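Read from first to last, the chains carry the letters A, B and C; within each, the first residue is number 1.
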Amino acid sequence: MIFTRSDPSGFHIEIIPPKQDSQKLEEDLDLFASKFERVMESGFTASITDNAMGLLAFQGHECIKELGLRARPDQILIHLNTFHTKQNLDDILESCEKLGINSILAISGDGSPRLPKLKPSEAEADGTASVTSVDLTRYIRKHYPSFAVGVAFNPYEPEEHEFEKLKRKLDAGASFVITQPIIERNAAVDRLLAEYPDLPVIVEAWMSKKLFLLSDVVGYPIPEDAAFDPIGTLETLLKLYPGCGFYLSLLGFKTQYSAIEEMAEERRNSK
Amino acid sequence: MKIVVCVKQVPATTDAKIDPETKRIIREGTKAVLNPFDLYALEEAIRIREWVGGEVIALSMGPESAKNVLTEALSMGADRAFLLCGREFAGSDTWATSYALAKAIETVGGVDLILCGKQAIDGDTAQVGPGIAAKLNIMQAANVMQVDEIGNGTLTVRRMNERGYDIVRLQTPALITVVKDINVPRIPTLRRAREARRIEIPLWTYKDIGADPDKIGLAASPTRVVRTEPPAIRNTDTLTISGAPADAAKLLVGEMLARGLL
Amino acid sequence: MKVNEYEKKEYRNIWTISEILGGEVLPVSFELLGIARELAAKRACEVWTVVLGSGLGGAAESLISYGADRVILVEDPRLGAFNDELECHILERLTAKYRPEIMLGAATNRGRALIPRLAGKIEAGLTADCTALAIDPETGELLQTRPAFGGNIMATIRSVEYRPQMATVRPKVMRAPVPDLNRTGEIIREETVPEDAAGIKEILRVVERKESSVNLSEAQIIVAGGRAMGGPAGFQLLEDFAKRIGGAVGASRAAVDNGWIGYPHQVGQTGATVQADVYIACGISGQIQHLIGMQSCKTIIAIDVDDTTPMMKLADIAVKGDLFEIIPSVINELDERVRA
């Protein structure tokens, strides 16, 4: 798994598994397989989401198994949120262990009425009313210590609050961090790097031209016609944060992938 | 045990709007999904099958696109599915729908148990379940929160009411409607979801179920919608209260009492 | 039953199905009589109510004082708890015998099971959860208005060719009349169904229990808190406030994600959608995901130090101030008014 600052060339490529309600499931699975294998070949990390936005999708581990994909366990990061039954959560973790996967991103996640929320008693989280990523991190570290657990860092939340929460995540056993998307130098990320010089930090870069989709994340409306150059922005961020890994969300495999591979190559050579 | 689960395709969100000019409901762009309450009925049916053996059959009435919700039912674990489809069914109210589904259940034949969700989120009437039981002249229990016992031609269940619950024993065949508390519906596995997509879903016309064409569809429905309109628009004139906490509290409580909110 | 113009004339009067639970007449029964009286005044007909139960005591008299002209009483020990099939049998027989023009039931757990079964049996049109009822004085046609699509549309429904015309009404939607203890009415006793009748379920046990689960979607009043609540202690304050005014506690996603309150309390796109009469948003800025879940509440009250937030602008009543001062003051004010 490539997320240390000593090997900053690592790109995490977000891959969203096919939706449960897909009406062309086999096609979607083929697409998933081709993206996944391309990421494996490039030496990047496939970062596979868990019912992102509360939309029901299949799990990464079952796609890999069912499709018989050639997985390189070090290059896979499985997202896991708090919207599962305990049975289901343990099944996912055990299945990932069997596949040799060693990294999990523990997040609170997006709920939906269809998704059961873990109960505090199930996650051994006494004294909390609702299971958080902190509790999930602690649970995974305790019962599945072979996994390195990553957590989210949101630079748009009130800063003190977010740093306090990060401390609790790290105390619970988290060992790396992925930020929310940034599109320029960010003071909270700078502070994060300064305060935790040894903590591997992966910066999320927004690879869609539709910048306004970020409105909810940043907390202020971005106009729908806002011009945005994802590749240019990524180049800038790579220079600004040379010690960080990068998480690329909504990457266009057809339009952007070759450019990304070149950038990675360049970055490797410059080291 | 042969179990039928009645499911419905509904708009994903309930925020349908009315076109101010045509006064018709705008439903474009609204995704159609399996009625959330029906998931609990499906899950319970599958658990009963896992418990006592048998077969789970999902049944729906709607446009051909409603096959999608039946595929979801199959993905969860239903064995077979049928869709009542045809323009003769269009516009059926809850009475005519109950009649058609009852005829379909008779066509399936030998059914021991029928499960329905508590209600559908688009109409919220909760009328079709008891309506089917009436047509089939079988026992019913609505708002079931737990199935205690099955066997010897009986079914013992707990059903919710405003003060707690009753434990009742029904003779099968029987119909129950279930509430959310009854279980946590499973998420389909990829393997079963792929299998489900290969299962053919037969379409049944009114002839296939031996339905009287004078008892289905809009023309045969006892109730008719004669008018739809947007609800009274919310007052967006904000009354702002500020000042010392005690004074603000006095004003707020006074205002709430005056508006009949307490 | 489907009827022609001539047969329609045989159907007369407005019936309500009264609701008894644990030997008590539920308030919704009086509310049904209230609307039935209004309709009967226009149609110049009588209001009848049917009471099925065991040991009915003074139920009939109290229903008369609330507006019933005649009360049909059916007493049977088996009617002590709700029995769908038995009650449906009795009502089928009564409707065939007396032919009411209109039948109104309560949209309670019992009513929502019994009334549609009856409608299915007697082939009558039924409209659930009406929020308004009107009548044509000449034809007796009932205009039934109900919300559809989560309250975004009001539909008006008729059942022209069928009698009786049936509708259910949720509790607290109609207003109960002021009882008149001098009102007189007739009590009609009717037979129950024989002991050995087939197709009637067995009721093994009736269990009472206090409902502890959160049911935001059915709450009339919701007090909800957001990030500004600061922690579980803040939600304890909301809990106290909610208890004081008979409401349920809701929360924004931020509060739930912080573990201050359980997920069943979350209101919004990834939580519950609510339609309470009153929604009191405490320190919730009003991100769109939250607003989607609560904007169809009838009255919105917001409490926040910052009066520029979307929630404060959307609110019917916006209280500017520190909620940790305002809420205790409101509780205090309520206590004082009760004392006064």
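Throughout what follows, contacts are C-beta pairs under 8 Å (C-beta built on N, C-alpha and C of every residue); 3 or more make two chains touch, one makes a residue touch a chain.
In this text, all values refer to a predicted model and were calculated from it rather than measured experimentally.
Counting steps between touching chains, the shortest path from chain A to chain B takes 1. Of all chains, the one whose mean C-alpha position sits at the greatest distance from that of chain C is A.
Of the two chain pairs examined here, A-C and B-C, it is B-C that is joined by more C-beta pairs in contact.
Once CA atoms are averaged chain by chain and compared with the all-protein CA average, the nearest chain turns out to be B.
Centre to centre, using the average C-alpha position, chain A and chain B are separated by 37 Å. Put simply, the C-alpha centre of chain A and that of chain C have 46 angstrom between them.
Averaged Cα coordinates give chain B a centre that lies 20 Å from the centre of chain C. Across the assembly, chain C contributes no residue in contact with two or more other chains. In chain A, the residues touching two or more other chains are 113. Within the complex formed with chain B, the residues of chain A that make contact are 20-21, 23, 25-26, 56, 58-59, 62-63, 66, 85, 88, 113-116. Within the complex, the chain B residues that touch chain C are 11, 13-18, 25, 93-95, 98, 121-135, 137-143, 156, 158-171, 177, 181, 221-231, 234-243, 245-246, 248-250, 252-253, 255-256, 259, 261-262. For chain C in complex with chain A, the residues that touch the partner chain are 227, 232, 235, 256-264, 266, 269-272, 287-289. Within the complex formed with chain C, the chain A residues making contact are 54, 108, 110-113, 117, 120, 125, 128-132, 134-135, 158, 165, 216, 219.
The residues of chain B lying in touch with chain A in their complex are 33, 36, 39, 68, 72, 75, 184-185, 187-191, 193-194, 197.
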